[in-house]
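In order of appearance the chains are A, B and C, and numbering begins at 1 in each one.
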Amino acid sequence: MSILTVERLSKNFRGLAAISDVSFAIAAGSITSIIGPNGAGKSTMFNLITGYLPLTAGEIRFRDKRITGMATNRIAELGVARAFQIARPFRDLSVFENVRIGALFGKAGPRDVVATTHRAMELAAIASLADQPASSLTVGQLRHLEVARAIATRADLLLADEPCAGLNPTETAAMIDVLRQVRTNGVTVVLVEHDMPSVMEVSDRVLVLDAGRLIADGSPRVVANDPKVIAAYLGTPDAA
Amino acid sequence: MKRNPTLVFLLVAVAVVVLAAGPLYLPPFYVRVGQLMLYSAGLGLAWAILGGFAGYVSFGHAAFIGVGAFTAGLVEGQFSSLPPFLLLPLGLLAGAACCAILAALIAYPILRLRGTFFAIAMLGVSHVCAEVTNNIDFFQGSMGLNFPPIAPASMDPANFFYEIYLVAALFILLVSWQIRRSRFGAGLLSIREDEDTARMLGVPTERYKRLAFVVSAVLTGVMGVIYAHSLGYITTDSVYRDDTNLSLIVYSLLGGMGTLFGPVIGAFLLVFITQVILGRLLDFHLFATGLLLVILVLSAPGGVAGLLKKRKRTAT
Amino acid sequence: MNLIAQTLADGLVLGGIYALAAVGFSLIFGVLHVINLSHGILVLMGAYLALIFSEALHIDPLLCIPPVMAVLFCVGYAYQRFLIQHAVDRASVNSMLLTFGVALMLQNAMIWVFSPDMRSITPSYAFTSLKLGPVNLDAVRLSALAASLILLSCLAALLRFSPLGRVIRATAQQTMAARLCGVNVRHVYALTFAVSAAFAGAAGIVIGIILPFSPNDEGGWTLNAFVVVVLGGVGSPAGALLGGLLLGLVSTLTAQYIGPAFPNVTMFLLLVLLLLVRPNGLLGNAFAPSR
């Protein structure tokens, strides 16, 4: 069952084709990574899916429901959550209070709020930080908080925007672990990432964008050896 | 507060009992000071629902004091034949209703503004209400409005109003406390921290802001009605005051912006300083409020609660 | 017909003065991003200083403009450098609170020193007037308007052509870059505030000769300045002029045709409307990067 379907998606910014005719389907319960050189359109893709930006052409379906053109908060209500690269925590609130907001206003019932909050914090490996003010967290911990808050909404799909950016290898491994846990708990994960080893290790499937087009779509091993992908990143020997 | 709610409960209960018995052991001057403390605490709490919880710092809440007071006075004037004990409830109802309507009307446009623009727009509201009250004869702002005495004959009016203020302030404290521990309150806090992210997490930000605005306005108006009754006679300048506008903010700044008891602590402190310590220098206390604010902003923007937090952190 | 012409003329005269009274506020908002709630106090300072100087030295009040501007320049510099700068380092509401506190203090101080009674400055040519077609303009109002326009032009020239003006504009547009180029931003901020205070003081003199004033007016002048800025745009004398003229016209037209109780109500409604529709004013933010 595909939880997210994108059909012939295009986005133009006044003549610049940021996304051209991209189609793919994400299987429920999987971890998919979107990779590609800088400027390939990865963040734009997320913005289109969450309704942040209006699309130029194409269709987006979430659990078979057409979400093309829907307002961002409506899409969020349906079960799409996003964890941002530049974390936006509620600084003066504690970690627990931060995650609780996700649980309070997500799909959890009023009696399950506290339990959902604790569960989300455990999955994101920040339960020990529960009472600390968000302003005292490190960048890595803030990313975990982003994820915790997002999954506390009981979303079915988590879009993680470069969760490992700027993290050292230990922090990166911890984050990847969290994403695995999230997936094990039934949340489909789509992430945009640059960190190749992590991508290869954790993804069920990899999508490669280059200059707005989807140039590869398959398992990590297949994609890594695809000459088109190599060319996109490294260039070809005789490129002028 | 989260650490030991039973303890806090007990402390508050004891404080209420001690305060309620005030007129029995306090000399008349201090009963009046107590009135002012409780009045200010109630106002501060009402203001903080919007300013402290939701982060929409209003520089013009005196508008609602005035609207509440004048509405009550004008309505009660129409029903002057009623027995005194019905007049106050009538006035409260009328004042609250008018504040609710005014707030609901201006909420839509004014809450679209953020930060400093919202603050100044509210200051504008306050000035406009003052002007309209003053310049249109119907409102009797310049001539002044009389309020019939409503204290029961057996009681000293000062003590009577002291107890009424206590009840009102306690009521507002309870409302404030209820809001803070509710889903609504959590939503307001998230709006204060980061309104856009809150909306993306599903918080109905527009609806919550409007509700906070109306609740804050109504509670402020209620205090205004009681205040007018305790004065007995009001003009535009008695209620629409810029120093009140400022003080409401100072209470939270002093006691801790966004905390539950902050406005109460701040109100008690400020009234104590200006009335008791500087009491003889009557002309001085407006100046002192301004000076205190300046000192506060420069040295302790987190207020008393902020200072306490800092000390806890450096200790651990 | 005559009435409308007269009302419009009065509105324009008033507008020019509003513009001068607001331009300092606009500059501070545009460059320092501070809302100076003590702006009205600075305006009143100018008025009271002129009152003192002109009565003590028996000179025409408009001649007091240079010395008053000099005094307020120094006051403004010190105020910003040693007081407001510290509040700016924290949250934006803090500078509003600080200036509000100062305003309250100084308003009370003024009430002690000068009493809350209305005062006015009466120049020697007070009762002459000119007739221009269907319109009557008294000499005082005309000279006030002339002074306003001259001062506004001077400020515009200062900002556009002088080295100080260039530094101010650069710092407003890209503070970090200005710092990296060696600009002492605190000093520039203080200078900007000083200039702003000086012009506020000059405005006070101009207002003082046409309207009665008292310490209780300070809030009104600050709010006026805010409305002018919202109407006309932030940071430029042209924006202040446009906003001021608009406000002046709205004021006199409302007072004449709706009722003398209503100018401020209309002004406020206009303010809210504009904040919703075009929060950056008709001419926008003079220091914002162009698209």
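Just so we're on the same page, contacts are C-beta pairs under 8 Å (C-beta built on N, C-alpha and C of every residue); 3 or more make two chains touch, one makes a residue touch a chain.
Since the structure is predicted, the reported quantities are computational estimates derived from the model, not experimental observations.
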Innermost chain, where centres are averages of C-alpha coordinates: B
Maximum centroid distance from chain C, chain identifier (CA atoms): A
Pair exhibiting more inter-chain C-beta contacts, B-C or A-B: B-C
Euclidean distance of C-alpha centroids - chain A vs chain C, Å: 51
Computed distance of Cα centres, chain C from chain B, in Å: 32
Between chain A and chain B, centroid-to-centroid distance (C-alpha), Å: 45
Chain A residues touching chain B - in the complex, by the definition given at the top: 72-73, 76-77, 82, 88-93, 97, 100-102, 104-106, 110, 149, 153
Chain B - residues contacting chain A, complex: 183, 186-187, 189-190, 193-194, 196-203, 258
Footprint of chain B on chain C - complex, ascending: 35, 83, 86-87, 90-94, 96-98, 100-109, 112, 219-220, 223, 226-227, 260-262, 264-265, 268, 271-273, 275-276, 279
Touching residues on chain B, where the partner in the complex is chain C: 57, 59, 106, 109-110, 112-113, 115-117, 119-121, 123-125, 127-128, 131-132, 134-136, 242-243, 246, 249, 253, 283, 286-287, 289-294, 297-298, 301
